[in-house]
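Below are two complexes that have chain A in common, paired first with chain B and then with chain C.
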Partner chain A sequence: MKRTVFRNRWLPYALVAPQIVITLVFFYWPALDSVRLSLYRASPFGDRLIFVGWGNFARLFADAAYLRSALTSVVFAFLVTLIGLVLALVLAALANARIRGLAVYRSLLLWPYGIAPAIAGILWLFIFHPSYGVLPYVLSFATTYQFNWFLKGWVAMTLLVVAAVWKQFGYNLAFYLAGLQAIEASVLEAASVDGAGPVRRFLAITFPLLSPVTFFLFTLNMTFAFFETFGLVHSVTQGGPGDATSLLVYKAWKDGFENLQLGVSAAQSVVLMAVVIGLTALQFRYAEKKVTY
Partner chain B sequence: MARVLERAAGVTVARARGRRDRSGLVAHAILLGSVVVLAFPLYYALVISTQTVGEATSLPPRLLPSTAMLDNYVQAWQRAQMGRLLFNSAVVALAIAVGKIVISMLSAFAIVYFDFRGKQLVFWMIFVTLMLPVPVRIVSTFEVMTRLGWVNTYWALTVPLMASATGTFLFRQFYRTIPDSLAEAAQLDGAGPLRFLWSILLPLSTANIAALFVILFVYGWNEYLWPLMVTTTVEMRTAVVGVESLVPRGGSQLAEWNVIMAAAIMVLLPPVAVIVLMQRWFVKGLIESEK
Partner chain C sequence: MRSCTPRSLLAASLLGAALVAALPGPAVARTEILWWHALQATLGERVGEIASKFNASQAEYEVKAIFKGSYPETLNAAIAAYRAKQAPHIVQVYEVGTQTMLSSGAILPVFQLMKDHNVAIDWNDLIGPVKTYYSSGGNLYSMAFNSSTPILYYNKDLFKKAGLPDKPPVTWDEVEAMAKKLVAGGAKCGYSSAWPSWVIMETMHAYHDQPFADHANGFDGLATTLKINGPFGVKMLELLQRGAKEGWFTYNGRLNKAEANMGGGECGIFTTSSAYIGNLTKTAEGKFAWGTAPLPHMAGFPRGNSIIGGATLWVMKGAKPEEAKGVAQFFKYLASTENQAWWATVTGYLPLTQAAVKAMEASGVYTKNPHLKTAVAQMNAAKTTPNSQGLRLGNYGSIRDAIEEQMENVFAGKKTAKQGLDDTVAKSGDILKEFAALYK
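Let's look at the complex of A and B:
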């Protein structure tokens, strides 16, 4: 790689200084402190820290509430990702004709990306509202079952999943449409001439050719579902009813900020760190290999 | 024989065209349907925000606008201190967007155009921040803020969020596509590195800056956990966090959903407007920043 290099002894350091200072003070320091705190427990009077080694982690993994929260998070993340991707892919494939105004549609589908998860949650909260919402009202004609998310965990979970999928939908669709536009029409036409029907064409050609887009959207949606949905839980269900929607991020915050269990909360942060490292590694493996097809 | 083939080919083309028209119609129908379904929650919120409490909580639900709009927005504005909250959000979103862009342009410039000891280390340090999102720094963040005396300040709301691995990589990628001859020519003309950055790289980067700005403004405006952690007073909250305080918890509170929806509309409008108005840059930003 040839690159004209400016020579200066101190300037490059001055240029990276703001970035590095912020990184050290607000990323590395608190992160390392979380790791340190995860090995301690506050004394009964809260005046000093007692070293407990792996104690917090042992407690965490023996705690039924924490394991439930982990399971809830995994289920939530997979539901949001799978429903979101399947919907977007099917609609994109059906809509992928050479039509006018695709750009207009794209802008009409992209805007929910700008809505904060917390606000998206509040919009859907009212649609789901057991007394006034339009959805339970419509459903009441079909069944006597009470779709009350204040009382039923799975309805609350559905509410959060729907809000999250809604917020991400336009974004997923836009990437799939872009991916489909890149597939040569001649390939599909050739398959069509060879007698492949639309479903077979989709399964044998379109879907495999889109695998890089799918993989990219998968890691992105998983990261979103795990790490950017705190506001959604906090503003809508606050983890309830019971702890049916207490996602890991919400629980870590609640244990740290409201229950003031610093060591336990820190241990949860460390576990979350492992999750994000895994997702990032996955993303960069993809970036290197571009997922072969 | 040739003529038969030609005629057959003609028929096939005509048939293909007919199929294309039909699939075009199907595509329009599907896309229009998605647009409508996607827009419904926003429409519903808008409609509710124009109704009186009685109308908003009546059964069957009313799906048409009413006349209480002004009243509801004034109520939301006064009750939740929306003026103050929206001002805070604007300050935070703008400061984060501009700060991130400046800081990542500077570090990308250093990484691409200079050789210096520790460059690899700097690069990896920036990279690793991708693996340290806000949720993994929950407990210690507040203590760091307390030590700095930053709790309830704009510093706390903005500065810590200004580091940007994504931005740095985006500018690094872009600078690498700029021909070496430009920097050589600048050097021959006696321009120093900062002069080169200001007069040549900056004007060339405007499209990237605009793209990144949209993404970062939306990110800054919509951040939730961070402002919740580093502020304790209503005056320093951002708008996205503030709306939550209107949502009734428990049965005793009167649910004024018309006012809540008015507040929600006020909060979601600015970032959505930025996306719609800067559409072109937004799409570019989405695609570039995820490379």
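Let's look at the complex of A and C:
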């Protein structure tokens, strides 16, 4: 990399200052305040502030509902990531073939990424809706089972997973396509000459060469599934039925903003913060070394 | 950042000049009163109308009605503003936040405000449950504003199709019998309800004079336990659990989501807020005929009254004396018969005073739109008992969640009604204790 030398020794600091200030004010300050608040039992209007130490955390980890929510989030994140990556990889492999109108297909496949999670949720809500949705209508010809996600947790979960996978799909596809195009054609040709079929070529050459991309997308999708699906849950299921789709990020918001239990909500944010720091550390430690852009 | 070039100085001074130019002139002498509310669309426009009518009626005060998002969003905005010492004068808070506001230490009780400024309002003229819900020790703490109560709706076309006479059910036994016939007659949903906890648990307990929580539903002191796992609650949920299993009751989600099913013409019998009348009038127009009726009764249990939902206006502490005076004047205008009758007619919310009910009767509103009368008649027909004066629970929102979570488990057949309610009571006990610990 080229090293830039500034003649004025203050200029570089001045140039990065706005970014530093924004980060401090909008990220560090609220984060530290959450940590502080997580140690208190606090009244909504701030007139009561009772120090409880680890009390909020202790309550959290003794709360069956919170542990269920954690499990739900892990299951959700893995489903979204695994299904999302497999689908994207398969379609990227297909979209990488030399076919007519490829550019059009590619652009169309990228579209869903431009949609906000909440909107993606609403679109799928229309498809899944027990009374006016297309899917239950079609399924009603095959089975008498009621696919009512207002009552059946697994249907609600499926709906959220499908919407989340679909929403992330374009992003995953873009990275896989780029990864596929970076693979030298000569390597694959050599394998062909050696008699390897398309499946063998994919498994022995393409997939391993794509592993840095896969790892990058894995952490990215996990982060998405854990932290950016609030809008999706909020607009579609509100955590129900029962608490079948009460993801951690949704629960933290709900306990804080609707139920006004600020201390407990802050403790949940701190736990989430720890998870995201963990995921990011993982990303930097392993991925940065292997991914070449 | 350190250096101050002539150019940046110029830019700054230009910006400053622009800001000064944008400020209003010194002519403004009216005292400004900020009113944060959570009503949008048509209702939001009506709120704006109230403000402009009041502003036109006098020259001293100017009420500014500002939409702040949903009920929780508005409450959060008010909390943040209060903490930053920038609170609005008036904030609209939904009934769920009542205990939070009462305990907050951030409000000026309405009765106090009125006394301070010698504004007389005949509080005894308020409709029973509206007054009790928001009073403490007989004194009104927040200004009643938009209140509604659950009533029953039925789809006349589906009744006809099922061979039923045009008569709504009066008891839950009849709801069951009719809903079964409706489904047999091809209806997709026999009976359904919006606002599951509010209608089926909270209102039904009050409507049958059953206690909902200890300490007189939280009116005599902070409530610490729910009492909904008694014979009534169990019977109510067992009935609907059976209904879900047999197919004559359809659960359609929390909040008012189920209203889409009623509006879509799927449900024969339906329960939701009386404020749904306006919306249903629009959606059902030209599609199906419908009627309203008082809520059904459960045989073998006494009668209480239905409770209200909706929101009230709270006065935040910290207003200057002349601003507080303006708020008192504004509330006097709000309570006026003229305003109440107009508001109830255009929105479908309850008129808050008996005088307004009489005025509406006299003007023929009820003959033109008899549905508007259903809720008022239902409430006036009964006497408000300690069990039906309302609910005052700390962390009420979380408690509703806990109730609806278990209702869903019961309707899905995952738990018995008794088990679901026992679990609700246990969970909400923790939630109530947490609130009590804060204000001990």
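Definition applied: the second predicted complex is superposed on the first by the 260 of 293 C-alpha atoms of A that agree within 3 Å, B and C clash if a C-alpha of one lies under 4 Å from a C-alpha of the other, contacts with A are read in each partner's own complex, and residues count from 1 in each chain.
What we mean here is this: contacts are C-beta pairs under 8 Å (C-beta built on N, C-alpha and C of every residue); 3 or more make two chains touch, one makes a residue touch a chain.
Quick caveat: nothing in here was measured; it's all calculated off a predicted structure.
Engineer: Please work out whether A:N259 is in contact with chain B alone, chain C alone, both, or neither, and reply first, second, both or neither.
Structural biologist: Touch status of A:N259: second partner only.
Engineer: May I ask you to decide whether A:Y132 touches chain B, chain C, both, or neither, giving the answer as first, second, both or neither?
Structural biologist: A:Y132 contacts both chain B and chain C.
Engineer: Which of the two partners, first being chain B and second being chain C, lies in contact with A:P30: first, second, both, or neither?
Structural biologist: It touches chain B, and chain C stays clear.
Engineer: Touching A:L151, do we find chain B (first), chain C (second), both, or neither?
Structural biologist: Touch status of A:L151: second partner only.
Engineer: Pick one for A:Q238: touches chain B only (first), chain C only (second), both, or neither.
Structural biologist: A:Q238 contacts both chain B and chain C.
Engineer: For A:N221, using the defined touch cut-off, is the partner it touches chain B, chain C, both, or neither? Pick first, second, both or neither.
Structural biologist: So A:N221 meets neither chain B nor chain C here.
Engineer: Considering only the touch criterion stated at the top, classify A:P117 as touching first (chain B), second (chain C), both, or neither.
Structural biologist: first
Engineer: Between chain B and chain C, whom does A:F169 touch in the aligned arrangement: first, second, both, or neither?
Structural biologist: First partner only, chain B.
Engineer: Answer with first, second, both or neither: which of chain B and chain C does A:F45 touch in the superposed model?
Structural biologist: It touches chain C, and chain B stays clear.
Engineer: Using the superposition described at the top, determine whether chain B or chain C touches more residues of chain A.
Structural biologist: Between chain B and chain C, B touches the greater number of residues in chain A.
Engineer: Per the definitions at the top, what is the overlap between the chain A residues touching chain B and those touching chain C?
Structural biologist: In chain A, residues 13, 131-132, 238, 257 are touched by chain B and also by chain C.
Engineer: What residues on chain C touch chain A, complex-wise?
Structural biologist: Touching chain A: residues 1-2, 72-73, 75-76, 79, 82-83, 100, 103-106, 188, 244, 251-255, 257, 260-261, 264, 266, 395, 397-398, 401, 404-406, 408-409, 411-412, 414, 427, 434, 437-439 of chain C.
Engineer: Which positions of chain B touch chain A when the two form their complex?
Structural biologist: Residue positions touching the partner: 20, 23-24, 26-28, 30-31, 34-35, 38-39, 41-42, 44-45, 48, 56-61, 63, 103-104, 106-107, 109-116, 119, 122, 125-126, 128-144, 159-160, 162-164, 168, 180, 183-184, 187, 192-194, 196, 218, 221-222, 224-225, 228-229, 240-241, 243-244, 247, 249, 255, 257, 260-261, 264, 267-268, 271-272, 274-276, 279, 282-283, 286-287, 290-291.
Engineer: Taking the touch rule as given, give the residues of chain A at its contact with chain B in the complex, in rising order.
Structural biologist: 2-6, 8, 11-13, 15-16, 18-20, 22-31, 33-34, 37, 91, 94-99, 105-120, 122-127, 129, 131-134, 137, 166, 169-171, 173-174, 178, 216, 220, 227, 230-231, 234-236, 238, 249, 252-253, 256-257, 262, 265-266, 269-270, 272-273, 276-277, 280, 287
Engineer: In their shared complex, at which residues does chain A touch chain C?
Structural biologist: So the residues of chain A in touch with chain C come to 10, 13-14, 17, 41-48, 50, 65, 130-132, 148, 150-153, 238-243, 254-255, 257-261, 264.
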